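Down below are the structures I want you to see.
First subunit A sits with subunit B, and in the next complex the same chain sits with subunit C.
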Partner chain A sequence: MSKKIETLFIFSFLVLFTLATLYPALNIIGISLRTDDAFQTRSLALWTAESSFRSYFTLFLETDFLTWMKNSFLVSFVVTLTGVVLASTSGYALSRFNFMGRRAVLSSLLMTQMFPATMLLLPFFILLAKLKLINSYLGLIIIYSSTALPFCIWQMKGYYDTIPAALEEAARMDGCSRFSAFIKVILPVSSPALVITALFSFMASWSEYVVAAIVLQDPELYTLPLGLKSFQASLATQWGLYAAGAVVVSIPVTILFISLSRFLVSGLTVGSVKG
Partner chain B sequence: MAGVSLQAISKSFGDNTILKGIDVQAHSGEFMVIVGPSGCGKSTLLRIIAGLETPDGGEVIIDGERKNDTDPSKREVAMVFQNYALYPTMTVYENLAFSQRIRKRSKDEIDKRVMESAEMLKIDELLDRKPKELSGGQRQRVALGRALVRKPKVFLFDEPLSNLDAKLRQEMRLEIKKLHTQLNNTMIYVTHDQTEAMTMADRICLMNNGIIEQIGTPEELYNKPANTFVSTFIGMPPINLIDGEVCTENGSAFFISDGVRINLDKIKNIELFKDLDKHVIMGIRPENLHDNYFAEIKDPENTIKCTVDLVENLGSVALVHSHSGDAHLSATLTTEKIIHPGDSLDLIVDVNSLHFFHQETKERIKL
Partner chain C sequence: MLYENRKALREVCDKYEDSHPGININLIYRETEELRSNFQSAALGGSGPELIYGPSDQVGPFAVMGIIKPLDDLFPPSFFNQFSSNAVVQFQDKTWMVGDGVGNHLMLMYNKDIVSSPPENTDEMIKIGKSLTKDLDDDGIIDQYGLVWNFTEPFFYVPWIGGFGEWFINDDGSPNLNTKSNENAFAFIKSLRDEHRIIPKECDYETANALFKTGRAAMIINGDWSWGDYRDKVDFGIAALPMVSSTGVFPTPLVSTKGYSINVHTTSEKLSHTIDLMTYLTSPEVQLHYMRRLNVQPSSLAALSHPDVQANSLLKQNAAIIKKGRPMPVVPELRAIWDALRGEYQSVLAGTKDPHTAAVESQRKAIDQIKTMNLVIEPGVQGKFIKGLLFLFIAALGIIFWIKKKIYLRSFQENKFAYLMLLPAFLGIMSVIIFPFGYNLIISLSNFSLRTFKDWEIIGFHHFASVLTDGGFYSLFGKTIIWTVVNVCFHVSLGVFLAVMINRTLPAKRTLRTLLIIPWALPQYIAALTWRGMFNQEYGSINLILNKFFNMSPIQWLSQPVEAFSACIITNIWLGFPFMMVVALGGLQSIPKEMYEASQVDGASRWQQFWNITLPMIKPVMIPAVILGTIWTFNNINVVWLVSNGGEPSDLTHILVSYVYKAAFNLYRYGYAAALSMIIFLILSMFTVSFMRRSKLDAVV
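Now for the complex of A and B:
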């Protein structure tokens, strides 16, 4: 009997949280399908008599949404690639090699995580202005990468630490150089950590607003969050358009999560060594 | 086939000196076992041969060539690791083929080599499986196979059986030995297990604290241990060591200690004792002590009267721990007579199998 009550309790708890999670998502989909004045509605019905895809048509055909999307993809792709390449290699170096300054590097990487991004806005702005990188993707990419990298490096290092050194030693005995042992043996084993790094880097740039708002001033260069914000005018906000944009923006992230989740398996090294 | 010669190898990690000038040679086609307690430097020595560690000093010579600065990938040695170190994302076939793919061999050649090794180790049915789907014994076979596929000049084994259960360990011991007979390659095998060393080695190199205590055949190490360390390390159950003195009484030589008195007249070169310090350590292996009850010829002068402390029944024999005065004696006795703790027991000493060591240097006194 107590087992049943426990199950009931757990399920009610889960249902409650699922509802709390689903409500905003359903609400935003609902708003995106209605006319602009439906913002205040409390109804959760996705499709009503007044519903239409008008906001979506407007979004794609009458705004620069596709350009912003292209910009966001470009920035996020480069940041993800940089994140994965740099975090996987530097994490490996920090995990496997004992060089002078290793500890200092590790703690300074950790220290950078103590400052909130908004606190770094001014120094970033000055730095980019001096480098003449304001209003350029390169500036944005540098900032996104540098803020995402410390976490990614630490988590890659942490993952490599769990991989027995015997694995790459075996590869080296089998004829690999140090580098090819890393590429052919260690990286495939590290795919869960690489996926986390990729997701983290992608997310850090895909939905970022504050930094983008300072670096990018030309509407042609806007990324999605900046573009969406531009729907919010001082006198009237196009909530339907805004909601439709929000729904479309979340689609790539959802696809990315679902497609990469199969790599997020624990215990990939099971069976390689006794343990 | 290729021999391996290590000359004056030294290695430290920080302030910790691991190897203190090691000189050892594994002859071509020889099965050499490097044995010693944990932390004695045996694995470091093996890793130096493999090229996974660089020695601070000394020469590593494989097949007549100095290999100190050669990358592990180019040394033509294969290594089997203690924890298997199989590539977890690859199937057994891919694990075996990996080294050949790196060397860009043709597909047919790779297939041929993999199948040859897989059949030899009876893992040909497992080729499509991933390491996680294999049992410990199967994984160890794959690890062996991976070394075999390479057809290296020298095989290195780093405690390959220590993760297996006792039964499997014995099976694999035979398997590896059989492999050596078949291939006749030079094999260097590191273990802390004296049984593995005794059963598998052509020659044993016994290490302790970064130095070599003795190199020799298993028989040499067992019958003529160079010092007390070797005598206690080799042989299971371990040898009994008793501190005492050699004295002459009425023209006869005796070993005397608290509770033990042995007539040494039967030892041929007994006069050698005369030049030595009288204080010695006497060693007697448990299997060289016999129960007076079963002895056909009694030898009262060489019988020690003991009190039994503990009996470990091992099935065919019993390991009887007893004491006489200060001397503690273990003896492997037949289980025909039931012995209980507290019983008195007369143990006859096989005088010709006694070992004597200097009390100070702990070195063997050659008789």
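Now for the complex of A and C:
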């Protein structure tokens, strides 16, 4: 009996906590439904008499939102693909082979996370300008994939470490090459980690603003964060549009997270220690 | 630039394209601050747009950096003569910009439905303001304000210094802040808020704008750019800022121009097209179009004498207001003055400094900052020595490689497969992370700054020394540690706590787990801006909730240093706990149930189980996550920058990374910023190594 009461107690606590957690997210939905000027109100209600979906209509019908969305999907898709391919192969090399420089590579992967990203902007720009990659998706994709890679490699390596080596040894006995053993045996069992890697690469590119702002100059090429920011003029933000845009931008990532949350728990290893 | 202005610009460009086949005008739109930093980077890389349109105060820095062209030789003298003098922007005896309109100045606007005639002087303004600041429904909360404006920003403040007699800047560009006028103006604004209570306690631009537009403020101090926005919503009138009663002097708003400059990299055929386009964009014809659509005060003398301009009553009143103003200084030193003034002024408003001290301090700081900004350290012996050392280092690497060539080659042969698998990722990371890192290392040893934008040289460890001997660094470092420790502790404890709660038989377990991940899923900048809105003193949901359910008086979240820093921390805790929760959940699932059952048989309590089984079992997965989390939090600039609006109040909410950003892009101290980021890097490396040693986690990598 006491167990039931305890469960009930914990359950109600968690529900309250979840509601509090969700409030900021709901808050922005509330703003997106108001008019531009009504965002400074004292009402806590999310839906008021003045609320409407007008901002959403304007967003899709009168702005280039759909173009930005298409661009963002394109960039994120390529980045995700590149991220998964590169992280899965190099993570494997780091997990299974003891070669010269392995430790150096592993520590430098961690080191890359330690440098303040803002100071990388100027060199990025100079590099891309020299390579004539300004205003092209290629430049953006190279930067995004590479900045997301260190974490993804670490994460893949950690997961491979948990897979017994006997698995591919068996496959090798059956006459598989190293590479085909990797493709046929290891990759399929690593799907949770691959999903996480994909998710991280996607997130890194989907909502990135700062790098996109220096690389992309042609409005035709804008990605979502850039487009969204253009509603936010320094002295006259179109808040309704901005909030509506923010909600729409958040939807794909949220859906991804929700549908992949099963894998998140089993696939996110962040490089656990071998026992 | 407002959306309507952008549209109008596009229209005139379309027209130009129609009459000039083969010419395509590409408009790239950036916000003022970003325009500056992006154009700087672009020009450094040798590219960027041919024509730059922006406010006149960017002329100074751009001209000093040598990234825009002087216009004197490109246009005939007759071209410049057709504009009113304040639209032809000169700096160091050369012309750098021609404006297509005059204005950007502050004035008093009033809602005609509430105020019948605007106040002539400040006493009247306070009187009207008092009678119009009302609590309509008697709930103790003000529903209508007499006056609102973005009063915490220096641009919106300095006109009052003029009203008290003196000016904030001398003709040679040096600051003039240690004056009685500055003190009086500080005290005056503070009295409007605290004594007369006719302005809100916290009021940024957005709040002021929204209050005025919805009829909840009788008067607003704002610029001519806002007319278009108000036109359809409020029946408003304009007037000069009211005369300061005690001095009998009118406040002096800054009058500037927005105009065109030419990128230094524009040459040959493109240059002649650019000149032609610029002539068109500043022509009377285009200016009249802007005047009709957007009520922009023309800069062209021909346009000014056009009957349509003469007949426009708003512009007529406006011209009189402009006469009371002073031209916006274009010297690069202005930034340093703004910055020093902003900090001290916000301290006065927060009540931590009295006006006199703040005036003295702002003068001292402005002079200091101008000195550091303009400082050019000449490369001495140390510079040559370092250069030699760098060269030797590279040579040594080459020689070592050459000697050990065979070993490397053999290792490659043996592990060809592994190296090949690693190669593509390695190349990517190499170019995108290692190259910039090396670049930064060199910059950190150089004198790269405003004055040496194009010809910087290696000077040695000066910047490292000046970072480490500056007391400010240690207080920033302390704040960063508090920031990191508090955040990570909350992330981990909240994460583990929630994970343990969820990891049992519960109804709707999966739904709860999924919903709790949402803060992680939301794009960070969106979440941070939402939180900033929620922290607003009067209209933010946090204070509203605290008031409604806990009956607490409103907290000034964003204008008091400790509160503002807490606001940043709260936001970041919210953003970060789901990651730790997910990692902890993963760890919990790997604990066999039998362990708990066995300990239950032994009569262990819940707490003992948690302490002796759960924690040790999830430790191996948590520790790498803690290391990563610490690094990420330490370097998280987004939250601090967005929630505190770039370090407000008075730059007291900075952590190391946000300060790096400010040093690099606000005061052009690239060398210094690079040195500081190298130091951050070293701090984090040392932390990681020692943390891993202590937790015997060498095996992690």
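FYI, the second predicted complex is superposed on the first by the 240 of 275 C-alpha atoms of A that agree within 3 Å, B and C clash if a C-alpha of one lies under 4 Å from a C-alpha of the other, contacts with A are read in each partner's own complex, and residues count from 1 in each chain.
One rule holds in what follows: a contact is a pair of C-beta atoms (placed from the backbone, for glycine too) under 8 Å apart; a residue touches a chain by one contact, two chains touch by 3 or more.
All of these numbers come straight from a predicted model, not from anything done at the bench.
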### Task
Return first, second, both or neither, reflecting whether A:A170 touches subunit B, subunit C, both chains, or no partner chain.
first
### Message
Taking the superposition on A as described, I'd like to know which of subunit B and subunit C A:V185 touches: first, second, both or neither.
### Response
first
### Query
Given the touch rule stated above, what does A:Y23 touch, subunit B (first), subunit C (second), both, or neither?
second
### Message
Applying the document's definition of touch, where does A:S52 land relative to subunit B and subunit C: first, second, both, or neither?
### Response
neither
### Query
After superposition on the shared chain, which partner residues are touched by A:T118: those of subunit B (first), subunit C (second), both, or neither?
second
### Query
Can you list the residues of subunit A that touch subunit B in one structure and subunit C in the other?
268-275
### Query
Okay, in this complex, where on subunit A does subunit C touch?
7, 10-11, 13-15, 17-18, 21-25, 27-28, 31, 37-42, 44, 85-87, 89-90, 92-94, 96-97, 99-101, 103, 105-107, 109-130, 134, 142-143, 145-147, 149-151, 153, 158, 178-179, 206-207, 209, 213-214, 217-219, 225, 229-230, 232-239, 246, 249-250, 253-254, 256-258, 261, 264-266, 268-275
#### Entry: Touching residues (chain side subunit C, partner subunit A) in the complex
1-3, 26-34, 38, 41-42, 44-47, 49, 141, 205-207, 209-211, 213-214, 223, 225-226, 229, 233, 407-408, 411, 414-415, 417-419, 421-422, 424-426, 428-429, 431-433, 435-437, 439-440, 443, 498, 501-502, 504-507, 510, 512-527, 530-531, 533-534, 536, 538-539, 541, 544-545, 548, 574, 582-583, 585-586, 589, 620-621, 623-625, 627-628, 631-632, 635, 637, 656-657, 660-661, 664, 670, 673-674, 677, 680-681, 684-685, 688, 697, 699-701
### Query
In the complex of these two chains, what residues of subunit A are touching subunit B?
164, 166-167, 169-177, 180, 184-185, 188-189, 268-275
### Task
Using the touch rule from the top, collect the residues of subunit B that touch subunit A in their complex.
50-52, 71-73, 77-79, 81-89, 98-99, 102-103, 130-134, 136, 139, 146, 150, 163
